[in-house]
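This structure is in structure tokens; I'll ask about it shortly.
Think of it as A, B, C, D, E and F in the order they're written, each chain with its own count starting at 1.
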Amino acid sequence: MPKYKPVDPQESPRFSGIKTFMRLPHVQDLDGVDFAIIGVPCDAGASFRTGQRSGPEAIRNVSALLRHHNPILDVSIFEYCSGIDYGDLPVVPGYIEDCYDKIAESLFPIIDAGVFPILLGGDHSITLPELRALAKKHGPIALVQFDAHTDTAEGYFGRPHNHGTPFRRAAEENLLLVDHSIQVGMRGSIFSKDALNNARDLGFEVVTAGEIREIGASKLTQRIHKRVGDTKVFVTFDVDFVDPAYAPGTGTPEVGGFTSGEAINLVRGLDGLNLVGCDVVEVLPDYDPGQITSLLASNVAYEFISLLALQKKCIIEKA
Amino acid sequence: MPKYKPVDPQESPRFSGIKTFMRLPHVQDLDGVDFAIIGVPCDAGASFRTGQRSGPEAIRNVSALLRHHNPILDVSIFEYCSGIDYGDLPVVPGYIEDCYDKIAESLFPIIDAGVFPILLGGDHSITLPELRALAKKHGPIALVQFDAHTDTAEGYFGRPHNHGTPFRRAAEENLLLVDHSIQVGMRGSIFSKDALNNARDLGFEVVTAGEIREIGASKLTQRIHKRVGDTKVFVTFDVDFVDPAYAPGTGTPEVGGFTSGEAINLVRGLDGLNLVGCDVVEVLPDYDPGQITSLLASNVAYEFISLLALQKKCIIEKA
Amino acid sequence: MPKYKPVDPQESPRFSGIKTFMRLPHVQDLDGVDFAIIGVPCDAGASFRTGQRSGPEAIRNVSALLRHHNPILDVSIFEYCSGIDYGDLPVVPGYIEDCYDKIAESLFPIIDAGVFPILLGGDHSITLPELRALAKKHGPIALVQFDAHTDTAEGYFGRPHNHGTPFRRAAEENLLLVDHSIQVGMRGSIFSKDALNNARDLGFEVVTAGEIREIGASKLTQRIHKRVGDTKVFVTFDVDFVDPAYAPGTGTPEVGGFTSGEAINLVRGLDGLNLVGCDVVEVLPDYDPGQITSLLASNVAYEFISLLALQKKCIIEKA
Amino acid sequence: MPKYKPVDPQESPRFSGIKTFMRLPHVQDLDGVDFAIIGVPCDAGASFRTGQRSGPEAIRNVSALLRHHNPILDVSIFEYCSGIDYGDLPVVPGYIEDCYDKIAESLFPIIDAGVFPILLGGDHSITLPELRALAKKHGPIALVQFDAHTDTAEGYFGRPHNHGTPFRRAAEENLLLVDHSIQVGMRGSIFSKDALNNARDLGFEVVTAGEIREIGASKLTQRIHKRVGDTKVFVTFDVDFVDPAYAPGTGTPEVGGFTSGEAINLVRGLDGLNLVGCDVVEVLPDYDPGQITSLLASNVAYEFISLLALQKKCIIEKA
Amino acid sequence: MPKYKPVDPQESPRFSGIKTFMRLPHVQDLDGVDFAIIGVPCDAGASFRTGQRSGPEAIRNVSALLRHHNPILDVSIFEYCSGIDYGDLPVVPGYIEDCYDKIAESLFPIIDAGVFPILLGGDHSITLPELRALAKKHGPIALVQFDAHTDTAEGYFGRPHNHGTPFRRAAEENLLLVDHSIQVGMRGSIFSKDALNNARDLGFEVVTAGEIREIGASKLTQRIHKRVGDTKVFVTFDVDFVDPAYAPGTGTPEVGGFTSGEAINLVRGLDGLNLVGCDVVEVLPDYDPGQITSLLASNVAYEFISLLALQKKCIIEKA
Amino acid sequence: MPKYKPVDPQESPRFSGIKTFMRLPHVQDLDGVDFAIIGVPCDAGASFRTGQRSGPEAIRNVSALLRHHNPILDVSIFEYCSGIDYGDLPVVPGYIEDCYDKIAESLFPIIDAGVFPILLGGDHSITLPELRALAKKHGPIALVQFDAHTDTAEGYFGRPHNHGTPFRRAAEENLLLVDHSIQVGMRGSIFSKDALNNARDLGFEVVTAGEIREIGASKLTQRIHKRVGDTKVFVTFDVDFVDPAYAPGTGTPEVGGFTSGEAINLVRGLDGLNLVGCDVVEVLPDYDPGQITSLLASNVAYEFISLLALQKKCIIEKA
């Protein structure tokens, strides 16, 4: 029996109660915890629309719809995992570098305790301090990035940090095994002809949306597995990977994206990777009146949890 | 010439006039009527979001966009059918069992008069009293259910009725020919490993969204026809069959669903079944700011009407 | 030092963290607790618009704006009180009488432990089971009701319970000292000429909005104090007391109401009454796009807490 | 007993049924009818925001909240009046002069049958054809106009008709007894120094919002009664008379307006005038997410009906 | 170096500044200009929902997201083109024929100056005066129309002009080379069996959505190229070509449409045609709360610009 | 004749054209300019809700409703003033101190050229760099602040700058003549008992909302004039001065505020002060679905312009 699991849906309706992810207990004691949902309400890096600070709240609100058993991956999560909603990490509006420091500092003890972190953004800039905390524990790790953009710009307005730069910085800071890292889903207009090459020059493998359409989902999954191998890997999912019809509530949407079904299937295809954490970012509730973006993001987080449960299930079944 | 048909769109713009379905006359006299649009503004069964009581109003408002000729099924509806908007059936907020009694009682005379009922929900719990009224007339009938969920739970919070239980109750009450009944489109997380098996144990054929993706639309259509045969059949369409991108305005959305085009095509594929009624349920206007869910539901109802008209056309052409 | 108080706003921004009322700890241990915020996400009694089940969530979300010191009542709340967010009471959608039983049963232990309850609705029907729980502890008590309607109808659709009947039922069940009870703010069209007299016949003092405009706020405050005297009293605040401009998000709004400033001042005027509990009801977030209704409701709850703190301050200062 | 009255609210909840005004029967037979609610879904005259074509629908939807007895005017409407919802008058989008012709032509038979018309706009341009129809029956009549603007501009973009010109045109066409006509509530910035004088030069009495604030409501009521005397009079109520806080959903809002309570009281003050018709215009639902503007407009129409009922009550009581 | 290009995104964030298309300079001097973005804020032709006058504003607001390089067409726009935002053409609300005159008159000088016009609607009626201006310069031209409807109705309500008639009128006025014109994407219910034949009788090639699904995108592209040949051609893109999930903000949506990705690809497939202008119409912001329709429309315009740039690039590279 | 004035409303409807303030020309040449509207799209200082970067856009969009003549102040603006919309000042999201530097640097040349600046926020933090630029030109100046909060906190999260601290910093940096400065309208809960005293300790005169209610508008106006005398003065208007019913779209709303009419009248009461600039801040469009907050803010800016015009009129008339 897991130490922590959601409130029983037969005990009270899923719309009731304090809004934690999946109605998990909100505790910060890490003992007996397999995974922690962690909000990062930071939008200091948002270069176009802002308000991603409300992303964690919106994802939590709708996550009550998620149920214990994942029929596609065929795993009942809480038979194998104990999970909590840790709450939010501290941030400092208007001071992105302070945000980075606070995020990394407060995340590290969770990682260090061996708890699997699933982070809810927040704009994409937050992945940099997450990677700093992870690298402090694990050393450089691989990255799988689902995104419409590479987020490897040189800088903006004379400054090094916003949500368009985290993966250049991560590469420069040696937080990543770029040789094992892969960015998938890039599309849309770009600032200059060589914008995608910039990411490739840093060492990332970049698979554009057009290429994915050509090769198909299962080939893409193979490429991801081949690239990552059995290195430790962090998965970052920017909801703009998905088409604005499926994810209107985001900061820099691009038309011509993937469906929610395609996206979820690709996440499921990560089964077998050596995951050390993941995040889902760029949910912007003010542009999501029907809450479908939050719903999608909560499902992405759910699949991450399911992957972890599956991993634990395999270990148990092998034993 | 049909006794009742919509207001002429050349006489006044489609945005004008009292909001009945397709601007049909609102009458309750059943003489000379082939089909009746009937609202069921009930949300007493909603276990997560509520407000489905406004579904009929929202569907009616946008239904003025529908025109007389269905080019895919190639039928001009009002050459073959006379139709009315009957208005809404009475309900008792807060007392789901009273709602059930009132719905069944007030629906029966319409069915008994030989009028084809097309019901607009309301949450999915309303299909149970509809089936009670239909079975009183026809005896047990077959069911075709488009839905993300089987809605065959045992009960909730110690009570037998809400929108997650109608088809278990219908089976138990012998309202259905379960051997001829089929549920299609199931997807999303489930409460426990055997949730889908519960429906199968009751006798339903269950085709998940995953299976549909594999076999394709035309195979699914064949399976439905094979399952139902020429028994009398009721069709229930829960808008959460469709992806939240296409139907955000619903109570318990699930990502990874079908497109509106796929859904409409599947409804058209029911041509030839011996339909005795149908409903479209779970439209929740408060989460549908662009009105696309209502638009879709009005189109589903429109295809139902078209199927009826086609049936009458065939009879006439054969004669 | 209070055992429980809000998260420090210098430690993390007020937009961050799990959404409890005022960012109070969410605990259900009643030891060392002076007041408890308690959600009642019930809308089984809603006769027009529904969705009040989301009221507690909406009020909590915006309540982070509230700060520790009330400058008008001149009291720093957490110098005198320890408070928690208890979470929500269980409800059963579609079964109003089950809701009543669960609400009363689960509320009683809190009251019995001597904790001051501040309940967040939910539609107004919830006040009946609240009064049942309170009367079980205290015997019949007085009522001060801020509302556009008396909510003393005989019944609806052949049934005794919805949000238009709780105070008739409460009077009939002898939960109230009607001779010490007062309803203020009634306005708008009514079902029949004697609708207000019905409440008066039950023994309530009824002060219409028109009368309040004539006599003014301070006279009204005097009348309330005179009516209640020093009996134990419950205060119920329906947000439709306030004009729709100030509280659009409610189920049965009436034009021509009071401003938020007038309402808050009247609540402050209750200082000195022997309060045993209070609620704020009928917040309907789906009609509150700017969140001003939730903001107002959170301020009403804040003034209730302040009155309690003031009472404790007086006791301490006298000692 | 009146021939036509609303559906009984004990028979079905007020949210149910086809959306007519107050749930009155939708009939076009004028026999036995005292008043008719008539929609005019025209926005061809809108010079800034448009979409007033949806005004009648929005007002009808929320009007179900209105109940039979008006406690301030102390009259039970359907004891004295029989009323219908006539539906909408035909319009021709893009051709304002065609709209005018169709509105006047289709309105005249209703007026000619002695039915009291209460028209729901639509933008304010519709009052011109209404006055044409009324003048054809009654000859020139007086006008009481509640509005932030005089709507007496010379023309726009080289054309004589839009919602800024109807009362200049009405004066020029001798539809009005300008000596008995009064415009009240003008405020906000104006195109040129003499904009208000233009209305006065046409013969209207103009009372600005500033003057009303100075003299007070009862003095204003006296001025209106004095100005109109016992001539036949039409009342036109533009919702921008009211402050945007109370009526955001309108085409050309002006800050610093009246409250809904003040407005309703002024309408009640018209008791005793010899009314021959009235309208409420400029409801723009797309800017009214909480529906408070529609609610206000439905209440204005309700007070108009109440004034008519009161008139009939007086006649009966005198007899 | 182009004379006019967007503000540098490194100089100020893309959310800042006056909202012109792509943050291009707003000038009306046509010297040194290759293309002009031109708003046509006209909704006088809207037969169902209205408000398309706000389309240009909405498209401009979100167009700041567009970047200089189109990676699919592989062209950096401002290496080859100088572009401006010309602002809006004058219109006369309520007088569609005046609108037509003003649009044609004010557009002609831009065309006459050799500037490539990219027009932002407005409802679809505006394409008629655009074609008048173009034909005055070029004589009759070919048309490629992406749309769910043919817009070739005979008339409405006794009048020749609204957004359902422009292409019948254009054919009648000999503005088009109908033998080289093609309408693609038609779907949804129609007024009568021969509605599509009407367009064919006028000489248009009509390819329904169903046919496109059958033949696929590349075959459709071939058919367009074959039909148009090397005649001068105008492209008109009605956003209802796309499914309501991808473009909810439009006047007469039809379910079962194309995705944004499919649409954009089809526009790219026009490369090589002899374009003399294009428009994107029927954006209705009031039904587009997540701004995805505006985003799509801005991308359609962006592809039009890219096609022009590509054409200029080819000329340069050949030279 | 002024060099720059708005587009003529008879030439094109006010809804058309590029969205500058009042449809003024967007130029950055300062020659012949009396006043400049300047956007400051900064929300780096927002401690609760964010998105104030869209404030300038929203205010501009609705400002087209403003007309040339102010009838209360009796001045036709463009008879006395030439005005432009300068566009927005540059900002750096995520780096509040960089924002401050860029704002001050880019504002100074405008002030230095003798142009009267009217700034549109943005959150309230922007007033600090504005005051830096002004003080560089004028030396320390007086401040009149309309606001619910004093914004004189010590700091947040270990940092000196956000929208709760600008006036403490301004006092510390000697940008203000605090002895001539006054803050009016403070209300709502506060962090600690001495929060208001903190402002007073810095030397500001503080008049709470409660005090204003007691003394009335004209006494307040006298106090402001007495306090400021004839020193140079900057006026800052935070829209949360106004009640959330009138200004829902803001970052930290407080119930119980002033009406729009009261606020506008107080601004008009500043006539006679020696104004050197002003701003209106904290408009947050995402919470302003009916646009009434933007409308109010545009009217506040309009009154500022009118005060300037009045000043110039007086000079001319005296001459």
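FYI, a residue touches a chain if its C-beta (ideal position, glycine included) is under 8 Å from a C-beta of that chain, and two chains touch if they have at least 3 such contacts.
All values reported here derive from a predicted model rather than from experimental measurement.
*Asks:* Provide the labels of all chains in contact with subunit B and in contact with subunit F.
*Replies:* Both subunit B and subunit F are touched by A, C, D, E, going by the contact rule given at the top.
*Asks:* By label order, what chains touch subunit C and subunit F together?
*Replies:* The common neighbours are A, D.
*Asks:* Validating interface symmetry: for the copies subunit E and subunit F, is the fraction of residue numbers used by both over half? Same or different.
*Replies:* Same residues, largely: of all residue numbers at this interface, over half are found in both copies.
*Asks:* Whole-Å distance, subunit D centre to subunit F centre, using C-alpha means?
*Replies:* 38
*Asks:* Could you grab the centroid distance between subunit B and subunit D? Build each centroid from C-alpha atoms only and quote it in angstrom.
*Replies:* 41
*Asks:* Going by the contact rule already set, what residues in subunit D reach two or more other chains?
*Replies:* 11-13, 15, 47, 49, 53, 90, 92-93, 156-157, 243, 245, 289
*Asks:* Spell out all pairs of chains that touch, sorted by label.
*Replies:* In this structure, the chains touch in these pairs: A-B, A-C, A-E, A-F, B-C, B-D, B-E, C-D, C-F, D-E, D-F, E-F.
*Asks:* Provide the residue numbers of subunit C that touch subunit F in the complex, in ascending order.
*Replies:* It is residues 9-15, 64-72, 74, 76, 243, 245-246, 259-261, 264-265, 289-292, 295-296, 299, 302 of subunit C that touch subunit F.
*Asks:* For a test of understanding, state which residues of subunit C touch subunit D in their complex under the given definition.
*Replies:* My answer: residues 47-49, 156-157, 188-193, 195-196, 208, 210, 243-245, 248-249, 252-257, 287-289.
*Asks:* Help me check something: in the complex, which residues belonging to subunit B touch subunit D?
*Replies:* Contact set of subunit B toward subunit D: 11-13, 15-20, 26, 39, 41, 53-54, 57, 60-61, 85, 87-88, 90-93.
*Asks:* Which subunit A residues qualify as touching subunit F in the complex?
*Replies:* 43-47, 49-51, 53, 90, 92-96, 98, 125, 156-159, 161-162, 286
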